[in-house]
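In what follows, a structure is listed as structure tokens, so that the remarks can point back to it.
Note that the chains take the letters A, B, C and D in the order they are written out, and that residue 1 is the start of every chain.
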Amino acid sequence: MKTFPVIDIKHHSAEIKSIYFKQIEPDIYPGQFFNVWLPGVDEKPFSISDVFQGIMEITVKAVGPFTRALVAVERGDFIGLRGPFGTHFTFHHHALLVGGGMGIVPLRYLARMLRQQGFHFEILLGARCEKEIPFQNDFSEWAPTTFVTEDGSLGYQGQVTEYIHEKIRESKLSFIYSAGPEAMLIRVMEEAKKAGLNYEISFERYMKCGIGICGQCVVNGSGIRLCKEGPVLSRNMAETVTEWGIPHRDATGKRKV
Amino acid sequence: MKTFPVIDIKHHSAEIKSIYFKQIEPDIYPGQFFNVWLPGVDEKPFSISDVFQGIMEITVKAVGPFTRALVAVERGDFIGLRGPFGTHFTFHHHALLVGGGMGIVPLRYLARMLRQQGFHFEILLGARCEKEIPFQNDFSEWAPTTFVTEDGSLGYQGQVTEYIHEKIRESKLSFIYSAGPEAMLIRVMEEAKKAGLNYEISFERYMKCGIGICGQCVVNGSGIRLCKEGPVLSRNMAETVTEWGIPHRDATGKRKV
Amino acid sequence: MSDLLETLFLSKIYQSPLVLASGVLGLTADSMRRVLEAGAGAVTTKSFGLEPRKGHACPVILPYHSGLLNAVGLSNPGVDEMVKEIKKLHQESKGGIFASVFGKTPEDFGEVTKKACEATPDLIEVNVSCPNVASEFGAPFGADEFSVANITRIVKKAAGDVPISIKLTIHCPSIEKMARVCEENGADALTAINTVGPGMLIDTGVMKPILANKVGGVSGPAIFPLALKAVWEICANSSLPIIATGGVRTADEALQMIMAGATMVSIGSGIYYKDIEIFTHINQDLTAWMEARHIHSLETIRGAALE
Amino acid sequence: MSDLLETLFLSKIYQSPLVLASGVLGLTADSMRRVLEAGAGAVTTKSFGLEPRKGHACPVILPYHSGLLNAVGLSNPGVDEMVKEIKKLHQESKGGIFASVFGKTPEDFGEVTKKACEATPDLIEVNVSCPNVASEFGAPFGADEFSVANITRIVKKAAGDVPISIKLTIHCPSIEKMARVCEENGADALTAINTVGPGMLIDTGVMKPILANKVGGVSGPAIFPLALKAVWEICANSSLPIIATGGVRTADEALQMIMAGATMVSIGSGIYYKDIEIFTHINQDLTAWMEARHIHSLETIRGAALE
């Protein structure tokens, strides 16, 4: 663990900010995460939202004590970083990227990479309102993008999941990447299965060590660790998980009920 | 430290034996030494006397408790080896190799390497009697070799040092390598200086760690460690030593008087 | 797996002398089953107490160049949850299951043991030596012979037919004496060692200790010689079987532990360095070593380095 | 060398906070002069006693993946020889010279100190904590508060004007309490820590411990977090200046020690890893770090991690 100075900050909304560091490791892939340490506060996992020209970026939404402290950091502050950890998305042609809420974050770096490789892909992003969808310009510029918001403030009104089926059929897409709330992921997997498509999904559990030893992030079924064999799971891996949609383990390791 | 099985043994005389191991390190140069551990006995430094076709050899003379135990080992015994340690001879054309007593040992591997490189060199070896000169055949085969023994049992009768001057003049040699008793080395250095020749000498002090930290093998003057900046010293290095011919430090670190 | 590695420990035969150490991947049946499938003869659960505990804030685990620091702070879901996981694991696997327990008071140790034994683990391992909770519970029990004797008696009684092992720390006046104290008070086995220290690392950017708990126990490669020495010293002075723990990553290191007298060899931090397959690989390398030397049972080399 | 690194320690200014630790290259004036020339602010002699000692048979020093084991057994040429070397070094160098002393009995400590002070070292460092001679002299004095108090008083008296530092081990019931005991009994400074353990390594080929002495103290990278924690704990509880020792190989590690409150930082095993130039390189890196942060004296960051 080492601390690094924040070199820049970008405000997406009052609650969502991107924080920039110089790139601290040579190989960082979309879907991987860093453990971010706020000295004196805590350490939590955050997806990499971009790596570009020697600069890396994480994007944070203030939802609780830690993320509130994290969005309050200033340029020049020293922040601890350990990583990159975990598995990453692999590259496929004709993919649909389905992101919900802060699940949009890892898809941003994935989209940049897919575009760099010259792959065709499309994007479907949903959130509660317009303000909760960062990187709108990048996404729209890089690929055909559909926005869905619960309040209709951007794009269609409703839930992303309502549009997956249609998107796949319309555009002859053959692979799905998805990240976001678990309820959404369950629907994505169902749709993919119905359409006979392969997919990679990224999903979250409470994490502590990030390096596969504390056991905190293990999911039931095959007993895989989401910090090590995840957070990005292939279809095969995802199908070994038996705890979809049930309450997660908290800091004690006990399931919330 | 690891132990390795003895794969062969060769008797040069009742007191002098060569012990063979598979080559345990890729790069071993003439003049370097290994720390040899006899489990339950002690650990002492020994020059490498040969590395050839994946086999390495040390050559030991029984002079005290440890070396007596070492010449008694048998094929298949496990012996500990740490190394190679220390500096090594560098290669020069038209050299004279001057060896006395067990100083002959490191020169054997040097002679093999010089011959392999196709360098011209000559050899001058001395000991008390014929039995104390191992590798006579190899030396004679590889280069013009002069033997000198105190009792005249091989070659000239007398001391090697009496023949150095003559050798240099006769054969237009321009570099000297030497290893052996300190009194001999002092004479070699005098002769070399007189003749304006460059040289490398190898000489011994009581050693413990072999890795430059215990301070046991430090010589007065520049304070160099013979296990690290030695045992092979260039002329420049040798000239920084101010304790030639005076009593050495023993196991306590105190000078014998 | 070849049966060369079969190991008799407290009247039960394990497929391998290798054990998953407490605190690493020991929270759920599924993750422990993965470790058994990779080749461990037994797994030890994360230490649990009567109530769920959140443990310390993060970072709780910190790798450094020579090992790991951890101050997990005994976070655990509590005995009721863990009993369910142990029962589940029993149904799904034949491998050994060691339940690691701790308590805030000697009486707690007894109560949690009694409850844990409902799941009929193969062993109750008694964590008297965790350095991470010292500030809350006072100095670790493991440093004090009187406390250890007392806890040993209480747990032994509570465990009924289930054998018990006391997990020792090197941070006591004499580990060999502590081993004798455990033996005299009814321990069936000993586990040595727990983490060392604690230690600390400071970030020079913010000039603060990195672990939220400031200090954490040292495990992994760094402590291997300390663990080996402890095992060797205990084995020279006690006839109890030993579960050796501390810094093991290779078959050679596992063999050193066995030559020092250990019966079982447990691995925690090794998973950070070589992942879960460490059990598979060490089993393979141990088997190859034994075959090359025509050794048919680890029994023949156990304690060889004790003279 | 830039004077950014000038460090005031016990009323004397040293060119660098870096010190050569006792037992490494500290036998002769010439080798210590080399270390001073490489950039150490001071050198500590090998610990010496009244009489010459041969020490243990070899191997006495054994590198392993995370550090070194040593059981040199306090081999030393005796105080008379060492006084000559210290005098010689004084004539040839302006660097600091710390004389490390040990004794078989508390009275020995006093006698050897009195003799050592004839050479007017800058400090008497009192090695009460060497684990390698325990079997000969009984348990190391360093574990016992009463012994340490007694030796501190005796050495303080014998040292006259020369200040004294007691070298502590982590193997005592409480290092912070031990620090207070030293302070109360007249110590001018503290050195922390000595080697850890001891530990052991076994060769699986011959199935024997490798060190002739079987066990040896652990030093080097492995122990850095243990040393740092000890320094931090002592500094939080004592106002004496500290010579921090244990596993330092880089400027970052030296800074961690200083942020934990150390005044001087000493380096032993680091010489195995980075050779004698380690002093030159750490000085350079410390200077660069200070310049980048506009820090003009290490005083401003000393103890920063204590809050």
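Everything that follows uses one rule, which is that a residue touches a chain if its C-beta (ideal position, glycine included) is under 8 Å from a C-beta of that chain, and two chains touch if they have at least 3 such contacts.
Computed from a prediction, not measured in an experiment: that's the story for all the values here.
**Q** In the touch network of chains, how many steps separate subunit A from subunit D on the shortest route?
**A** Step count on the best path from subunit A to subunit D: 2.
**Q** What's the farthest chain from subunit B if centres are computed as the mean of the Cα atoms?
**A** The chain farthest from subunit B, judged by C-alpha centres, is A.
**Q** Rounded to a whole Å, what is the gap between the Cα centroids of subunit A and subunit B?
**A** Here subunit A and subunit B have centroids separated by 66 Å.
**Q** Express in whole angstrom the distance between the two chain centres, defined as the mean CA positions of subunit B and subunit D.
**A** 36
**Q** Between subunit C and subunit D, what is the separation of their C-alpha centroids in Å?
**A** Averaging C-alpha atoms per chain gives centres 34 Å apart.
**Q** So which bits of subunit A are touching at least two other chains?
**A** Counting only residues that touch two or more other chains, subunit A contributes none.
**Q** In subunit C, which residues are in touch with two or more of the other chains?
**A** In subunit C, the residues touching two or more other chains are 201, 208.
**Q** Drawing the touching chains as a network, do you get a line, a ring, a star, a complete graph or other?
**A** Drawn as a graph, the chains make an open path, so a line.
**Q** Under the stated touch criterion, can you name all the chain pairs that qualify?
**A** A-C, B-D, C-D
**Q** Show which residues of subunit B lie in contact with subunit D when the two form their complex.
**A** Touch list, subunit B to subunit D: 1-5, 35, 37, 39-44, 78, 80, 82, 208-209, 211-216, 218-225, 228, 249-255.
**Q** Which bits of subunit C are touching subunit D when the two form their complex?
**A** Residues 64-67, 69, 143, 170-171, 173, 196-202, 204, 207-209, 215, 218, 221-226, 228-229, 232, 252, 255-256, 259-260, 289, 301, 304-305.
**Q** Over in the complex, which subunit D residues touch subunit B? Could you list them?
**A** 23-34, 46, 52-55, 57-63, 68, 72, 75-78, 81, 201, 203, 205-206, 208, 210, 212, 268-269, 271-272, 275
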